[in-house]
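The structures come next, written out as structure tokens.
In the two complexes that follow, chain A is the common piece, with chain B as its partner first and chain C second.
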Partner chain A sequence: MLRKEINDLLTQTGPGTKMGELFRRYWQPVLLAEELPANDCPPVRVKILSERLIAIRDSDGNYGLMDEFCAHRGVSLWFGRNEEGGLRCPYHGWKYDYTGQAIEVPSEPATSNFCENVKLKGYPLVKLGDVLWTYMGDPANQPPLPEWEAYTVSEKQNFTSKRLQECNWLQALEGGIDSSHVTFLHSGNLNTDPLFKGSKGNEYNAGDLKPFFEVVDYEGGLLIGARRNAEEGHYYWRVTPWVLPNFTMVPPRADHPMHGHFWVPIDDDNCWAWSFDYHPTRELTDTEVEAMRAGKGVHSANDDAYRPLANKDNDYLMDREAQRRGETYSGIHGIALQDSSLQESMGPVVDRTKERLVATDAGIIKARQKLRKAALALAEGVEPIGNRPEDQKVRSVAIVLPKDQPFVEGIGEAMVAKPGVPQTTV
Partner chain B sequence: MPKVVYVDESGVERAVDAALGDNVMASAVRNGVPGIVGECGGNNSCATCHVWVREEFLDAVGAPGDLEDDLLDLGVEDRRPGSRLGCQIEMTAELDGLVVDVPPSQY
Partner chain C sequence: MSTPVPISSSARATTTEEARYRIDYPLAAARNTRVVALDEAAEMIVRAASEEDWGQARFYVAHDPGHDLITMAGETVPLAGELEQSNTVVMVSTAGENSEAAATIGAACKVRGIMTAGLVITPGRLSSEALLTLRPYARILLVPADEDDLVELLRATRA
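What follows is the complex of A and B.
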């Protein structure tokens, strides 16, 4: 269980909250590049960390993210005209450049310098891979651009999607560091999903319902090792890195692309589940990309607003027959929706004072404590971890080790992302 | 058999003979001492066997482990210098006579 005040601390990320201030020390994915496909394309509404913003790509290709509302009398700039080097409010013609600086207030005399003093709140918006990233904190504290391996390899080695998840970000994150549920919830998919099947690890996964967790501190967060029985004298280890505040990676299976997530708060009741696949040493095949687009693996089939087609309004297309036949353990199709259906079912922000944790929740306990400490320490002026490029050069690992070997020793440097070096996988 | 004394908030003492190697949570639960829940069965996961170890026993009992320390921060209402999870205190002959205070609630 978690005390109420700590649950509030960890789940509230709006401006001025302690966790919100922590999040504002990290670059976060905010849009897929396809959402701003061309210069002067329509502006896009963005809500992130409970702030309502508008994103544009101007006539010169500059990306910008700024307050959604005109400084004049507060109308939404989503109705604006994005043309000729900026976004013009359709109400009285006020015009802003991509940084949010007003550059024209047509009602004022030509000699007036009024607009020089009008600036909307604005954040940088930077393209890395097929994703646009923002940093919402004080510019004085802006860390270097992120160097996640998934976004330093070529774009043809990566596929990224996002889906709306209608619950607090922490519920989603906690699913990402909980290897224990895979044996149950995803059991029907391990041997059928084209992006998961064919791994010897799936047999170990299915064969041991009582994984043992060992959690160790690592550069920017934690390495969460889940141990299951393998051949005589050996354990199968799945090692999930978590980097503060919201990056997790799924341990690999066979030579499939590796996957991971960013769990980005929209507001306290909703988040974006960013899901990526990449292969460190080769381009993704057409078949793989097709499967990802179709919602296989960690991805989902979504509508134009990135809300999954199977959602809480249609009971996630529950299929009791498939549940009975054992094709899907919960009756929900697709690994991503299996997770989000259950995490949304807990309610927007689950009351963690009522939960009953068990030993396989060790990773969750450690992550909560690290988040809590980081948020409280930041309020006292202590710089957070996880936003330095060296913290981000990390990978998940799947490995079989002799029983007497601690996993941290056994994996050596396998969790370090090294360009051109294949992943360590089973 | 080492003895453990559990003291509730009104000062009522309950002495229990613990088996060697048993822990402070399990001996309480086995002997029906109120106020110690031990929901997770002694897995260092739930923080419902919180006790305050009396100061004179602190050195002998020792400091909480890493995960236990996190659970004491996250899950207990009134953490004090003597706070420990009962399931993580193994009874030894040296701890004979250990006195712990039981918090009014584990939730």
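What follows is the complex of A and C.
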């Protein structure tokens, strides 16, 4: 249960809001590189953190993200002509470079300095891996580029997708932190999904339906350890890292690629669920990539606008027969849609004054507390955590440990991303 | 011609407008929580929390062997009686003392089907005697917990 004012604080990320200011201290994924596939390609509308923007890739390959609307009469630059080193408004020909700086105002005399004083609000747009990232805060506070392992390995070791999720970002994030739902909601998928099946860990999952949890506070965020009984004298641990404000990773299974998410607010009622898979030591196989493109694992099959084909307009293609047969627990196919269908069913922004949390929701309780404290502290001038490269070199872990060993001790360096070192998995 | 959206469909049911029709009624405190301090420093944290306004939560100190609890008013009461109506027990430890009491409380909760949580309040330390003391008996552990995590947990669970 949260008081309304705390729920508002955590869920509102527009300009000037406390959580919005916190988000504006982190690099965030904005577009897949495939959305701006070539120099002078069509511009793309972007909405992130409740700001309407336009993204371009200019004639020289520079990426830019700027206010969507022309400074002159407020026309959407989505209709613009992306050519000859800038984006030209089709209404009166005003032209902007990739930073948002006006470089031509045809109605002014050729020698006029008018356009020097016209600049659209603009943000850096940087390609890392196959994703374009932006930083929307004060340039003076810009952190180093992110160093998430998924985006420091070669592009052939990574597959990233995004899907529209039609609810507030915090509902989606909380699903990523809440390990206890896997036992129910995703139970039908562990042994059938090609990106999950074949793991010894699946047997431990099936053999112990009441896991114990340890929520460990660490510098970048939280480590949520779920422990189940393994062989005599041992526990099977699945360790999920959450790094402020919106990064989570799923513990690995066998030698399958590792996966995780960023939950990026579009506005207060919608978010992008970014889903990635990568393998730290090898390229993904064609079979794995094919499965990911087909919506297996943490991905979804989407339309051209990255909205899942199974969505609320078609009741997520609910399959009651599959539910009855036990193939799916909720009747919805695919892990990603199993999550988003339920999270969207709560409504755009769930009323957390009405919830009844239980002790096993402690990870969610603690994450909310850390987000609230970070947002309030930032307003008082305290720098946030999670935006430093050392916070980002983190991995999820699956491991079997002796019962008397604290999991943080047991996993040791396994949660630290190191180039060329295999993941720790069961 | 567009297809009408059925009134029971997810598309309509998930809108902000429809959220207005969710039944609004007061929620009773579902948690009947017992909070137990296992050492002196933990007692200070638990005592401070006990001074806030709670639904049905009650607060205690336990020493080995843990068959009795001591209320914040200093009264000694039998553990079994205090667990009768409870559905959650939160144990708080800073030092790993009174491990026998933790075991007694944990075992009593297990046979009664009472959820157990543990707060290991050891700032800056990820591993401690307190952790080892609570781990076998707490279904959920916060490690290392902040002092205000107790109040946060109790509020969030409507204690």
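Before moving on, here are some points about what is shown:
The working rule: the second predicted complex is superposed on the first by the 426 of 426 C-alpha atoms of A that agree within 3 Å, B and C clash if a C-alpha of one lies under 4 Å from a C-alpha of the other, contacts with A are read in each partner's own complex, and residues count from 1 in each chain.
Operating definition for what follows: a residue touches a chain if its C-beta (ideal position, glycine included) is under 8 Å from a C-beta of that chain, and two chains touch if they have at least 3 such contacts.
Fair warning: this is a prediction, and the values are worked out from it, not measured in the lab.
On the superposed chain A, the positions of chain B and chain C overlap enough to count as a clash. When both complexes are overlaid on chain A, the residue A:M1 reaches chain B and chain C alike. In the superposition on chain A, A:R320 makes contact with neither chain B nor chain C. Taking chain A as the reference chain, the count of touched residues is higher for C when chain B and chain C are set side by side. Residue contacts after overlaying the shared chain place A:I365 against chain B and chain C alike. When both complexes are aligned on chain A, the segment of chain C among 2-10, 20-28 or 38-46 whose C-alpha atoms clash with chain B is 38-46. Residues 1-2, 215, 356-359, 361-362, 365-366, 368-369 of chain A lie at the contact with chain B in one complex and at the contact with chain C in the other. Residues 1-2, 166-167, 210, 212-218, 269, 312-313, 315-316, 341, 344-349, 351, 354, 356-362, 365-366, 368-369, 404, 406, 408-409 of chain A are the ones touching chain C in the complex. Residues 1-3, 6, 215, 353, 356-359, 361-362, 365-366, 368-369, 372 of chain A are the ones that touch chain B when the two sit in their complex. If you check the complex, the residues on chain B that touch chain A are 39-40, 43-48, 67, 70-71, 73-77, 107. The part of chain C that touches chain A in the complex is made up of residues 5, 9-11, 13-16, 18-19, 22, 27, 30, 88, 90, 115-117, 126-127, 131-132, 135, 138-146, 148-149, 152-153, 155-158.
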